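Provided herewith is a single structure, encoded as structure tokens, for subsequent inquiry.
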Amino acid sequence: MDLYSTMHGLVSWLVNGILGLLEGAGMRGPVMQLVRWMYGALEHAITVAVVVVLILVIGLLMVILMLWIERKLIARLADRRATMLGIMGIGKGTGAIQLFADAIKLLLKEDTTPRKADKYIFAVGPSILVGSSLLVLVAVPMSDGFAASDLKDGLLFAMAVFAFAPFAVFLSGWSANNKYTLMGGMRSATQMISCEIPLLLSIAGVVMLAGSFRLADIVHVQDRTWFILLQPVAFVVYIVAMISEIERIPFDLPEAEAELVEGWQTEYSGMKFAFAMMAGYIRGYIGCAIGVILFFGGWSSPVPAYTVDLPWGGRFSGPVPELWFLVKVLLLFMFLVWVRAGLGRVRVDQIVTIGWKRLLPLAMFNLALTVALMAFSDDIGTSPPVAGAAFVIPAACLTAAFWRWGWFR
Amino acid sequence: MMGTAATQKAGEENGSAGAPPAAGGPGGFQQRVLGELGRLQGTVTESSVTGPRRMLAKVAPDKIVEVCRLLRDAGFEHLSALTCVDYDSELQVIYLLWSYKDRCLIELRAAISGAEPKIASVTSVWTGAEFHEREAYDMFGVVFEGCPNLKRVLLPDEWSVFPLRKSFKVESIHEKRKRIEAEKAKAAKAAAPAAAPASEPAQPPKQGGTPDGAPAPKGGGAP
Amino acid sequence: MGSEGEGRDAGARPDGAAPDERPGARDGPAEPGEECVPPGPSVILASLDELVDGLVGLVDWGIGLVSVKPLVNRIARPIFGWSQRASIFALHSGLACCAMEMGVVGMPRLDSERLGVAWFSSPRRCDLFLVNGWITKKTRPVLMTLYEQMPEPKWVIAMGECAISGGPWHDSYNVIFGADELLPVDIYIPGCPPRPEALLDALWKLQKKIAREGTRSGLRLG
Amino acid sequence: MTQMWINMGPQHPSTHGLWDLLVRVDGETIMEAQTKIGYLHRGVEKIAENRTIEKFLPLNDRLCYVANSSWTTLFTMAVEDLLEVTPPERAQYIRVVVLELQRIASHLVWLGAYGADMGLLTMILWGWRDREIILDLFSLLTGARIMHNFPRVGGVRNDLPPTFKDRALKAMDYMDQRIPEYEDLCGRSELFAMRTRGIGVLPLEKAISLGCTGPMLRASGLEQDVRKEEPYLVYDRLDFNVPTGQNGDGWDRYTVRLEEIRQSASLVRQALNNMPEGDVMAPGFKMPKVLPAKTIYRRAEDPRGEGAIYLVGDGKTNRPYRLKIRSPTYVHLLAIPFYIKGARMSDVPVIMGGADPCMAEVDR
């Protein structure tokens, strides 16, 4: 199902229908030619705009769903039932619309700016954060056709823009003229530097196996063996670096409640705080989406293709790829929530140690093994068990040896 | 009137199972300590054993640091508490030392004058003494010479009142209410009936011992 | 566009500590003598503020002209009231024993989040301030700073006897008799300490009070 | 990086109460610290001089809001020494049960707060959820959750309700199942060890000279417990061991307190199992009109350390002439600046939490 062509058909049917009606009503003058000419010129732009808006809406709905899952799951892990806000009233529902209540209320809150703060950077900080995250949201396809932009080097673009957010955190933390936010901003910069390179190196292994940066190609290569089987070490490095990139609990230092009150968000109230919180979850969605595409075979589904003819004569065919993609993203996100419930927070120097002395060598070692693997087996696609064995066994033994030597401590 | 020999406490164990090493409590250790204190005739008066684990000694205030150092080397490593008791005739500074090995407590009393209380600080013997001395200064106004940062610890710094002295009276909420009514009644009676009634709002709650140290009204502490 | 909260003395510490009176201690990073706000191109940007305020005024005038404002209010009021009721953010600040019972309300047995009450530690995003202990003269500036730093639609609950009237410390020289000498209190919870269920009931009553009186918009749209 | 003073408090998620640790920070490392307390100072010692003994008893529960009955029991023991009264055997056993349940509840609050300091939010939820079981026992025995007002001079207020014994034994078995779960979440987790080993190290001789007691001193290696040194109530008839650590860092404070929960659970079982019959108040005892002119210094093992009361009777009225409360946490909080130098910014909450602050007891 190619989103662009469907939307193009829909838009042109709609616009021509309206123009036809108007012409039918006798408005044939030069104005109508001008409108038709303009539509002719802007046809492509309007369709792209509609597609982008649709992808954003789906992305943000996913973010809202993830926020709800996080609050409920982390409460359940501690024997607690979180929000029970329902349509019928407070406490009479499943809490799905709690986020809308929070958002509307935060819309109303008074928006305070500290007196000696740098007013403009303070106001712009969260919007840069959300802007860069939404930019990446658009670049991640949900299935073959269903994407706003399917760039030839989509992964490169996504990673480049994704790494921009810690600057926004640093800027807003520094501009709020408060010691806690200053330290929060500093920590976010340190964390980004130490965990960005292992993240990219772990992705390099996958890209070499797939042979292209295009996200859709990466998924097509994986239709028989998911890359997590071929690249387990890369997956471990990816997950740890991604958690530190989207600043979740084990590496939660820029927003550490225990020592920095609320880290870099301490001075934000009202809508700016809502932006800061939402940006965290948009980046969570993107991290999980890219993780699913790289390691869990994107939108390929174990269910063989099937067709069902519906009672009213229609025909429904095959597993819906977008659905499988979103389900996998939610499962990976639940893993992150489970990690958040189980682990505490590390110190800044420990993040740097993990980033440079543990993740980076592991990623380099994984890259070397991938090169060796590709050099020997001419076409990995045909013999997954051999490729898997040739790769996984040495990786597992060496990781166990590192563990025995207490290398991770 | 202090320090009458306490009778044997029934609940107190003496030779029961799991007794400390020295049979019959730290008797031997106490005799040794009494011997050493006896030698310092000039400074230590009335040292006695007031219970299976309790000892008492009165010390001259100017020799307090030597006595404390001697006792610490004898085995009293733990300074449990350092506090003051404000008797009408004098202000007693109490040192309570506990010995971990021989499980015995000694109470040193140094009597100083209530008017201008001054005594040497024992922070050179225990670093932890600084905390108790700061609190004693905060509550009683005893100046410990040599204490590293003798500042108020519990009360705001700008207070000039030492609350635990007997001379400082506190006015409870009931007395304040009675006093305010009395003033209002007097103001209403004093204001001529034709003039506008005294609309001055009730005087803000006058707290005994306010920061500016105004002498508390003689409401008496008894509720 | 919200006003900048210019009048608010928000330069004080967000964590609510009394301003630092030690000699030589300065708020903010200690570069000697360098004013924290970089000298931006104030000439141009200042006019940006006026531009923005002008636009807001224009839109307001337009809405007023078309007299659609009462209609908008009638639709928006219940929605804003519902959202404020359904998600009250309470400040995680414990003074004394009632703080233990306040803590229990956030825990698994009596989960306050079922009512939508989440506990946050920065006053900037809370709308409920729980005074749960005796207030001493040293705590007074701390509480006032915290209350001032909370954004506009905010409510205060005085929990326990000490917050209502000084409680068992009625003849203490250092205790302030009641939170209502400092802050406008909305709900009083008697008890020393009140049971956690009493605090849940107070949260429920606060939601009814918001429903009754409606929320106040903090944005001062005029 | 320029050095600056940062306030960790007074309203701060890591302080569990209202106190302030001013920290001079160079980048992330701590150069110097100052403790600022007194935010909850209500002058209990001055109030005690206006109250008779019975009137002051309920205020004793409010001395420390996490371990309430341990301070009331201490005060009643001090007054019993002053008046030379001995509570009957059964009352002493009931007091031991209440003290040990109070220790478990206090350590659970500490464990929760300690976990929350390092981001382990599940720990505080689990810790407080299990504390509810202990509070149910207290409301069954004394009618109130935390402010029990249960001990009296000469015994305890009422006897054990009939269902109390097996509910308490069931609760102790529940605790024994829970402790391995805490160890899974904290003890065996690599992250917890990374955040607590070698943090806030307090060497033994410095701990002694600073006056630290209780779990802080035991973590530094000295096996010191008032229940063993100066046995009071019936502790000499119950056998329990005193856990100690090696190098006095955050990790040892965690292991010492977790082991103490186990010991307290076994102590409650022993006390409940061999509790004699009999009445719970000293027969025929009436509070005298005048307190004898004596001074008493009574020490007891508070969950936080050596709590003690110095009581002076003046022979003229039935009000204490002077009541000095020795609070263990007062010493621990003021001692923090002596061993925090060199720690990092993220370790400060762990060190502050290690001292287990209960502010009502510190500020009195």
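The first chain written gets the first letter, and so on, giving A, B, C and D; residue counts start at 1 in each chain.
Everything that follows uses one rule, which is that contacts are C-beta pairs under 8 Å (C-beta built on N, C-alpha and C of every residue); 3 or more make two chains touch, one makes a residue touch a chain.
For clarity, every value in this text was computed on a predicted model and none was experimentally measured.
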| item | value |
| --- | --- |
| Most distant chain from chain D, judged by the mean position of its C-alpha atoms | A |
| Pair joined by more contacting C-beta pairs (A-D or B-C) | A-D |
| Between chain D and chain A, distance of the C-alpha-averaged centres to the nearest whole Å | 47 |
| Computed distance of Cα centres, chain C from chain B, in Å | 42 |
| Cα-centroid distance, chain B relative to chain D, in whole angstrom | 23 |
| Distance from the mean Cα position of chain D to that of chain C, given in whole angstrom | 33 |
| Residues of chain D touching at least two other chains | 4, 12-13, 38, 41, 43, 46, 50, 125, 129 |
| Per-residue overlap in chain A, given as positions that touch at least 2 other chains | 78-80, 179-180, 257, 261 |
| Residue list for chain C, restricted to those that touch at least two other chains | 13, 15, 28-29, 107-108, 121, 138, 171-174 |
| Arrangement of touching chains [line / ring / star / complete / other] | other |
| Listing of all chain pairs that touch each other, if any do | A-C, A-D, B-C, B-D, C-D |
| Residue numbers on chain D that touch chain A, as the complex places them | 4, 6, 8, 12-14, 28, 115-122, 125-126, 129, 185, 189-192, 194-195, 344-349 |
| Touching residues (chain side chain A, partner chain C) in the complex | 71, 75, 78-85, 90-91, 98, 100-106, 108-120, 177-180, 182, 257, 261-262, 265-270, 273 |
| For the chain A and chain D complex, residues of the former touching the latter | 74, 77-80, 179-180, 183, 249-250, 252-253, 256-261, 340-350, 408-409 |
| Chain D - residues contacting chain C, complex | 2-5, 7, 9-13, 16-18, 20, 22, 38-43, 46-47, 50, 58-59, 62, 65-66, 109, 124-125, 128-129, 132, 145-147, 359-360 |
| Contact set on chain B toward chain C in their complex | 155-156, 161, 163, 168, 170-174, 205, 207-209, 211, 221, 223 |
